[in-house]
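Multiple structures are listed underneath, in structure tokens.
First subunit A sits with subunit B, and in the next complex the same chain sits with subunit C.
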Partner chain A sequence: MSEKFDVIVVGAGPSGNAAAYTMAKAGLNVLQLERGESAGSKNVQGAILYADALEKIIPDFRDDAPLERHIIEQRMWVLDDDSFVGTHYRSDAFNKEPFNRYTIIRAQFDKWFSGKVQEAGALVICETTVTDLLRDEGNRVVGVQVDRDGGSIYADVVILADGVNSLLAKKAEFHPELEPKNVALAVKEIHFLPQEVLQERFNIGEEEGVVIELFGKITQGMMGTGFLYTNKESIAVGVGCMLSDFKEQKTTPYALLEEMKNHPSIKPLLAGGEMKEYTAHLIPEGGYKAIPKIYGDGWMIVGDSGMFVNAVHREGSNLAMTTGRIAAETVIDLIKAGKPMSAANLEVYRSKLDDSFVMKDLKKYQEMPEIFHENRQFFTTYPELVNRSAHTMLHVDGVDKKTKEREIFSSFRQKRSLFGLMGDAYKLWRAFR
Partner chain B sequence: MHIVVCIKQVPDSAQIRVHPVTNTIMRQGVPAIINPYDLFALEEALRLKDKYGGTVTVITMGPPQAEAALRKALSFGADDAILITDRAFAGADTLATSFALASAIRQIQKNMPVDMVFTGKQTIDGDTAQVGPGVAKRLDMQLLTYVSKIVSVKAEASEIVVERRAEGGVQLLKTSLPCLVTVLEGNNQMRFASMPNMFRAARHPLKVWDKDAAGIEDITKIGLKGSPTVVSKVFAPTPKSERAEMIEVESGDPRDVAITVLSKMFTRFPVVEKEIAKRA
Partner chain C sequence: MIVKVEEKLFQNRYRVDSDRPHVKIVKPDVCEYECQTRQCTVCCPAGCYTLEGNGKVVLIADGCLECGTCRIICDDYRNVDWEYPRGGYGILFKFG
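After this line comes the complex of A and B, so read on.
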């Protein structure tokens, strides 16, 4: 007497919740399985919520979702060892409702999202790990096997939303083992500070928040970035680099974060805080070229498991929700039309994604991972040169400005040569075009 | 055989911290778990059910969120679950809690006689070990506390034999049913729920009882009104400010090391020196 559902969603992160919610709302018989104690107990993110993707799923999410602060200011810092050159963009337009970006605490947010999924009518079962996919004679996926007695469960289609290190997809040979060069390892800490201190320190009001993106010497020559976000009464600070770089350089992530926190420009922002949480997570940053096959007979892949992360713009959860929603809509349409969940029919999912910002953005930056992997000067030499140039220009010492300019230019030429400089400019253009 | 197991949802005390400034308990983000002793009690009940057959009903008094604890108990194999929840219960101490639970169990008895009531020996958030005995007294049941093992139950002879951990040894005790047993951390470990039980737990229509459904008329006996215990102050023990000291010894000679350490110790604790001198 095995159970049978219209669809089984594996995982209760943003992509799985988006998919399960959308389908349950449409009246489908949905089972969602999560290995964690509760939805969100295993999930880690910076975390910034981009409103747009969620709005398309739950238009009135702002009514009761646990949101920390809406972002009104974005800082981008290029750091040398003891300085930074940066830009700040702050606008009162970001203070107009509806707000566009929020900081969130994922444990709370995911619990809320999961509550919505259950309200919509999906059956959500936690603490249950899917160990394998069930297939019929034709190799079609027809259900899942879980790690409990009597654990064969059937469905017309299985949506894999089981995260970056999808053991399931690997076991099913939907994609190979993750390559270290395609994943970043990020570590994050949460430091608690009294709300008033935090607001004063970042020059923000009660609900307002700041994002600081960090780039340069803090990653010690590795391909990666750092970040600092303001929550209601805490600061999330973290850094992530490619796993292959950590391996090669034999740097430990916590040591990297420790040094970053001690940077003279960052340390005062965290002063007096109490560290309350320490987490680490893998981020799939292989980009467009690393996207595996995302659908087949009776199955689809959504979210991190499908490499849907835009590392350049730090977008991931919105891509996850969007892929989850589009996968769900594909299933809903097929069920309405009475069509089977065959690979040929599920192809719609891929083509809808191709037409969406998800694939368009990932495609735009498809050359980037490789270019940055091979050109470490972008993480070391240039941040250093930019910072030293700023210092040379701003340090008043009786030398005339013309000479200073010449000094700066020759320092660039010395480090990279004219040819190198032009080459780098071309590479950057290729990476970002 | 019908066993009622009383459980409580508690904050995971391993993850609780005291606010350094205000001295209050910081509950934010602390996960709620089933009181670990209650899990031992539930597992004992489920084992008896496996052995002799019967029905296991779990009850809890708590806020609506305690539903999660009951669903978990159902997934392990409990047959039915009742959430006793009412704003009027807020602020209850052990006296008021045992009154409410006893009253609810009386209501349960109206539908199906109760042979045994199991509880954990105590909760990890209150640590009083008073609620179980309080319920037994009110229901006029035999009381067995600190039970580490249930040896046998003979329903037809209305008899139970248990091992009870006592100072200096283990007591083998026999008494008659109905009785209330408070269970120690024992030899059992909570079972891993089967998938059909997970489905059943997720879909089970939970019974939610307010004070009326629990058969309570006298509201002066429940909640804050029924609680003579007053928490006048909560404070954290002063943290030990002394730190470990690194002792530098110039030479690595064991004799020098011993002399340096001993002289440090004697300066710090003259009593020790005196005592040693006396015995020498």
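After this line comes the complex of A and C, so read on.
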């Protein structure tokens, strides 16, 4: 392949597809390379699609995108060993079109998105792994090396949308190896159930969906969360914890998931389902402080490869699509202006991101990872105390309520000093403000 | 709780690149004699790493889910050589 492209996009996940689509639509000569047999075959997500980020790229995506259910109810459960205390928010306002978020199955969704990229005019080549970046004498990125014969391909700019592991960025020394404290490992299963059973079990209609976020004992003291999402005729159930925590204990990820699935509050929701796939994936959760350099001479980084995940709000694919779109718009503007893809010119990408919700949100929660890393009580002591307090108050046994209140207060005091309790409240406030 | 990961992996679709594993242990001696924790045998979500009775760590990457965990947690020794499989090979997610 001796042809030179305007741009090469490495990877066909949400960020790569957003970038490739936006540039192809604007008439650029785009090559997109994907190592899977098709777009999506290497990709894993919960998965929730936030409509807004995709609307800005493909406004009428609802016409033909493979969407599972729109979410009408969000449950948040804090679990002890055999109980949970939870909040549910359900609103018919979520039943009004256009819907705000959907569950999706990534293998299908990414394939659909990739179809749109091809319709827009990009050349998409699958089953091709990019092994290296090509540089000129001035160290400028000028193309990529692939694992096929005669595999040097050239372009004015290369967009790395190669996901959380981003071996390319590491080999090129754009950023160092990921640290265990900045990534979570999530494992997930998909369980199939008849549609009617699923709808009855979750009290939902034909197209409606529920998400459950799980927090507490299920992560066995590790910093992490679990989730359960309803698809059309399947349930995605998974759990993720920081690698730095996984490293310090002896429970395997699959045993952790199995134990969570067997929790008495979760087991009935999955009963009778048929498990059809088991997946694992890393989530870059280091936040704002862990974002590497995301542009340079002839290159840009988008999506998971750039740590663009808001762990607090479980948002990632929308940040991926937004960074992909903004990187693409930066390239389009430079090409129109006849300017080179130098680091100085590509700096616009970073400043546009700084002005967007992507960096604003990540910056807002920048202290969060550290606070949770250093304060395990949020994952262990408090879920236990909250559940046991609920039990004490709701268990009718002839003891008066005033005495029960005293009992609850003293159980908090035993586990945590008054100073500790106040300190924790302050830390939470500082993390979320 | 004893959980057999093989039963989970059995549901997955793979195209294994025979005789070309994309993950390798760089120096087996480091796992055997230097590493005290051998957390790869705990943390790999596909159970690709097993600790043998003689103290050796054996890696069979056929069931690899390509997550990258083993490479990142081996931060004391950097003893895992981790590349992506050749294009089209490895795990092929049906749902993802």
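We adopt the following convention: the second predicted complex is superposed on the first by the 432 of 433 C-alpha atoms of A that agree within 3 Å, B and C clash if a C-alpha of one lies under 4 Å from a C-alpha of the other, contacts with A are read in each partner's own complex, and residues count from 1 in each chain.
The definition used in the following text is that a residue touches a chain if its C-beta (ideal position, glycine included) is under 8 Å from a C-beta of that chain, and two chains touch if they have at least 3 such contacts.
Since the structure is predicted, the reported quantities are computational estimates derived from the model, not experimental observations.
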Touching A:123, do we find subunit B (first), subunit C (second), both, or neither? first
Per the contact definition in the header, classify A:343: touching subunit B only (first), subunit C only (second), both, or neither. neither
With the two structures laid over each other on chain A, which partner does A:107 touch: subunit B (first), subunit C (second), both, or neither? both
Chosen between subunit B and subunit C, the partner touching more subunit A residues is C
Once the structures are superposed on A, label A:3 by its partner contacts, choosing first (subunit B), second (subunit C), both or neither. first
Check whether A:76 is in contact with subunit B, with subunit C, with both or with neither, and answer first, second, both or neither. neither
Please work out whether A:167 is in contact with subunit B alone, subunit C alone, both, or neither, and reply first, second, both or neither. second
On the A-aligned overlay, A:150 touches which partner chain: subunit B = first, subunit C = second, or both, or neither? first
What is the shared patch of subunit A, the residues that subunit B and subunit C both contact? 37, 41, 107, 128, 146, 148
Considering the complex alone, what residue numbers of subunit A touch subunit B? 1, 3, 37, 41, 107, 123-125, 128, 146, 148-151, 153, 274
Of all residues in subunit B, those that touch subunit A in their complex: 20, 29, 31, 192-196, 198-199, 202-203
Name, in rising order, each residue of subunit C that touches subunit A in their complex. 1, 3, 5, 8-9, 11-12, 15, 37, 39, 42-43, 45-47, 65-69, 71-73, 75, 78, 82-88, 90-96
Subunit C partner contacts - residues on subunit A that touch it in the complex: 35-37, 40-45, 47, 105-108, 110, 126-129, 131, 146-148, 164-165, 167, 177-180, 183, 185, 187, 189-190, 234, 243, 246-247, 249-255, 258-259, 262, 275-282
